[in-house]
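The chains carry the letters A, B, C and D, assigned in the order they are written, with residues numbered from 1 in each.
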Amino acid sequence: MLVPELRERVYKANMELPEHGLVKFTWGNVSAIDREKGLIAIKPSGVAYEKLSPENMVVTDLDGNIVEGDLNPSSDLPTHVELYKAFPEVGGIVHTHSTESVAWAQAGRDIPCYGTTHADTFYGAIPCARALTTEEINGEYEKETGKVIIEEFAKRGLDPLAVAGVTVRNHGPFAWGKDEKSAVYNAVVLEEAARMARYTEAINPTVAEVPQALKDKHYLRKHGKNAYYGQKK
Amino acid sequence: MLVPELRERVYKANMELPEHGLVKFTWGNVSAIDREKGLIAIKPSGVAYEKLSPENMVVTDLDGNIVEGDLNPSSDLPTHVELYKAFPEVGGIVHTHSTESVAWAQAGRDIPCYGTTHADTFYGAIPCARALTTEEINGEYEKETGKVIIEEFAKRGLDPLAVAGVTVRNHGPFAWGKDEKSAVYNAVVLEEAARMARYTEAINPTVAEVPQALKDKHYLRKHGKNAYYGQKK
Amino acid sequence: MLVPELRERVYKANMELPEHGLVKFTWGNVSAIDREKGLIAIKPSGVAYEKLSPENMVVTDLDGNIVEGDLNPSSDLPTHVELYKAFPEVGGIVHTHSTESVAWAQAGRDIPCYGTTHADTFYGAIPCARALTTEEINGEYEKETGKVIIEEFAKRGLDPLAVAGVTVRNHGPFAWGKDEKSAVYNAVVLEEAARMARYTEAINPTVAEVPQALKDKHYLRKHGKNAYYGQKK
Amino acid sequence: MLVPELRERVYKANMELPEHGLVKFTWGNVSAIDREKGLIAIKPSGVAYEKLSPENMVVTDLDGNIVEGDLNPSSDLPTHVELYKAFPEVGGIVHTHSTESVAWAQAGRDIPCYGTTHADTFYGAIPCARALTTEEINGEYEKETGKVIIEEFAKRGLDPLAVAGVTVRNHGPFAWGKDEKSAVYNAVVLEEAARMARYTEAINPTVAEVPQALKDKHYLRKHGKNAYYGQKK
């Protein structure tokens, strides 16, 4: 096999989704990329989690052509491909229909940064990318979904590793990271930040985002050269 | 036994309801029909899930007369019978009192199609059928429940396999499908779509349904001759 | 031992509370009464569920005096005693601080009958008994809690087996039944009806109770001489 | 080792946090203090719960200097240290990002005392301490967090064992107690009281706190020399 270690990592990351309560049935997928070899491994489409194995992950090139594997790749592959092309620092991507994140996507609102749980991982609000146009929906839908995300990040001038997630209007969340492991972590935090924000607004409908100083503090204590959370590596 | 394989399938489908968190106590039932033989298998009434077996499913004819079995069938059998008679494509039916779906039934509102999770399975809003009249309540109540559902679908011109579920006002959800397995799947999606819709309106009280183009896209990518989700059969 | 079978039943019923998710820590208790012998068995106070056994249940007389047992009975015993005295048909009582029921108690509102899940078990709204006065709080508090419940049922002319539960303002739910088993069942339904009612009002803030004909139908199909739900006994 | 028994207790208390559903990933920490020896044991920073052991707890002095241990202590240690210095009766401290408590912290509101579940443990509203200033955020952040809590308790004249918890604006909950075990208990109650208060306001947006007499009754039946809940020690 071409990339047995990549298959193994992607398999494991996919199996974490149901453990974290992020998926029902087959509604989620994780991919990772080997940038040197130009190969992506991704979950096959519509296969139950209990039937997944490192061997049935699908390996494609950066244009989404199957290089190794008998099954169809996740139908969201073209979205992953667009993101890998546009965001060269990204090594892993997660898509789910997790309940709380979908609710913000359906509501069409950014998830505001209301506290340090959010700020420790996402540097500011988690954007809700615009709805696709009818032309985009009827064209290469999954590819256009990726393009809409990229457009949103470009328009807002966001660093995709500082805000490593998004919801797409009417659809649901995508999260990513330097590898598939951090992508899953970020997907879990996105869901929890979404839940906390919903509760927060119920308790105080006129609440404001946290001050910029707090966003800076919490993001930078976990990221970058002055990070001091956790153990020295 | 007349239909051992049907009993087995209906037993298994019933056991999936508590696994998916759709029932408390005995508040749910699944049936399936063998159209060729004209026989329905359904859960017995008020029997705990841990005591169910393929053998104690109740087999009836299309008028609801017991053909094989010592126990009373689910008291909702007459609703199932009406639906099987009116919807010839339907092979399995589920009724539960799952929390989120019941909330919409009690609120007396259709569940709007706010996103692709809903649109992948249900082609448009999930209708809330009207309340029964006093006469209907005091008459053949469970049979009238079925008739009210059929009336609602006729009035709206809905295809029962495109919108394979409903809530009945003041009562709760019914879902169905080409077989008992897809009926259970649809009942799970109905519950999740109901939950997501409640959250969505809490976050954005003036949210609108998704555009028609998105409904078309998502429903048709999973259903019909141009479906491309999952593996080729 | 005086009533080994009663101890066993009460022990088992207490153990069902955490299984149904109705209690945290030691916040709940079940009792049952042997009317012929005039003896009550109840959970000991503040003992963890994993340390309960039939042997450490506390047996008291109808005035709440310990007849058998080394431990203090639940501090809520005087409430149970008042209810047993006032409601001679009642054989078992449950008190918990289950989340959804407490929320209605804290909100100071009856739980409206919004649907058949509620109506199958409770014949109409589940009352919220008034808050205790300062004198009652500073007097025999737990006994006065029982009296307030009895006063509420008398004032409203309610049959305690038709509406086999209540919430006490600022406090939480009590449920009961002909025996401890039905009392636990009713406590679970009370909690679920409370949850469904909260969701229902979120979806439709101006929703009304179900019509009387539906209350009659659902209550009477499960209770009384014309009941037809379940298996013939 | 200096304080093997303290390490053991702190380890066990940390392991209770995920069991009670209060933490995701590594987002929580418990410490305890041996007042005689002037030593604190606390969870190491960013270490997964399944890798914790009594041996990898970090032991520090009352200025937060590591006395024994190879790992970095929780980054929240300076908050714990401030609280131990200011509240001499406190023997254990818990910090989490539990969802419901965080929501009140993010909403910037005290958790009102709406019922006896709250009143049994917390003597009145659970305060939301003010947001840190930009100077405090950019200074010794975690130490300042402790100071803000202490300031809040001083300003309100609160007894830290009568109200053994707080939320810090935009951040989350801290709870404490005479030892680490009661601190965990209080953190669980804080979370449940927060959940109940959210639900209560959804059901009745104009609800008021319970009367003072009820606060007195419930707190004092479990605390102080006239307590009568539970078994005599």
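Note that in this section contacts are C-beta pairs under 8 Å (C-beta built on N, C-alpha and C of every residue); 3 or more make two chains touch, one makes a residue touch a chain.
For reference, the UniProt names are A, B, C, D = L-ribulose-5-phosphate 4-epimerase.
Worth saying up front: this structure is predicted, and the values here are computed from it rather than measured.
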Taking all residue numbers used at the chain A/chain B interface, answer same if over half belong to both copies and different if under half do.
-> different
Indicate the whole-number Å distance between the mean C-alpha point of chain A and the mean C-alpha point of chain C.
-> 47
Give, as an integer number of Å, the spacing between the C-alpha centres of chain D and chain A.
-> 33
For chain A, residues contacting two or more additional chains | 202
Touch graph of the chains shown: is it line, ring, star, complete or other?
-> ring
Chain pairs that touch, by label, are A-B, A-D, B-C, C-D
Please name which positions on chain D make contact with chain C in the complex.
-> 114-117, 185, 188, 192, 195-197, 199-200, 202-204, 207, 210-211, 213-214, 217, 221, 228-232
Footprint of chain A on chain D - complex, ascending = 24-27, 44-47, 71-72, 75, 97, 99-100, 102-109, 131-132, 134, 137-138, 141, 170-172, 198, 201-202
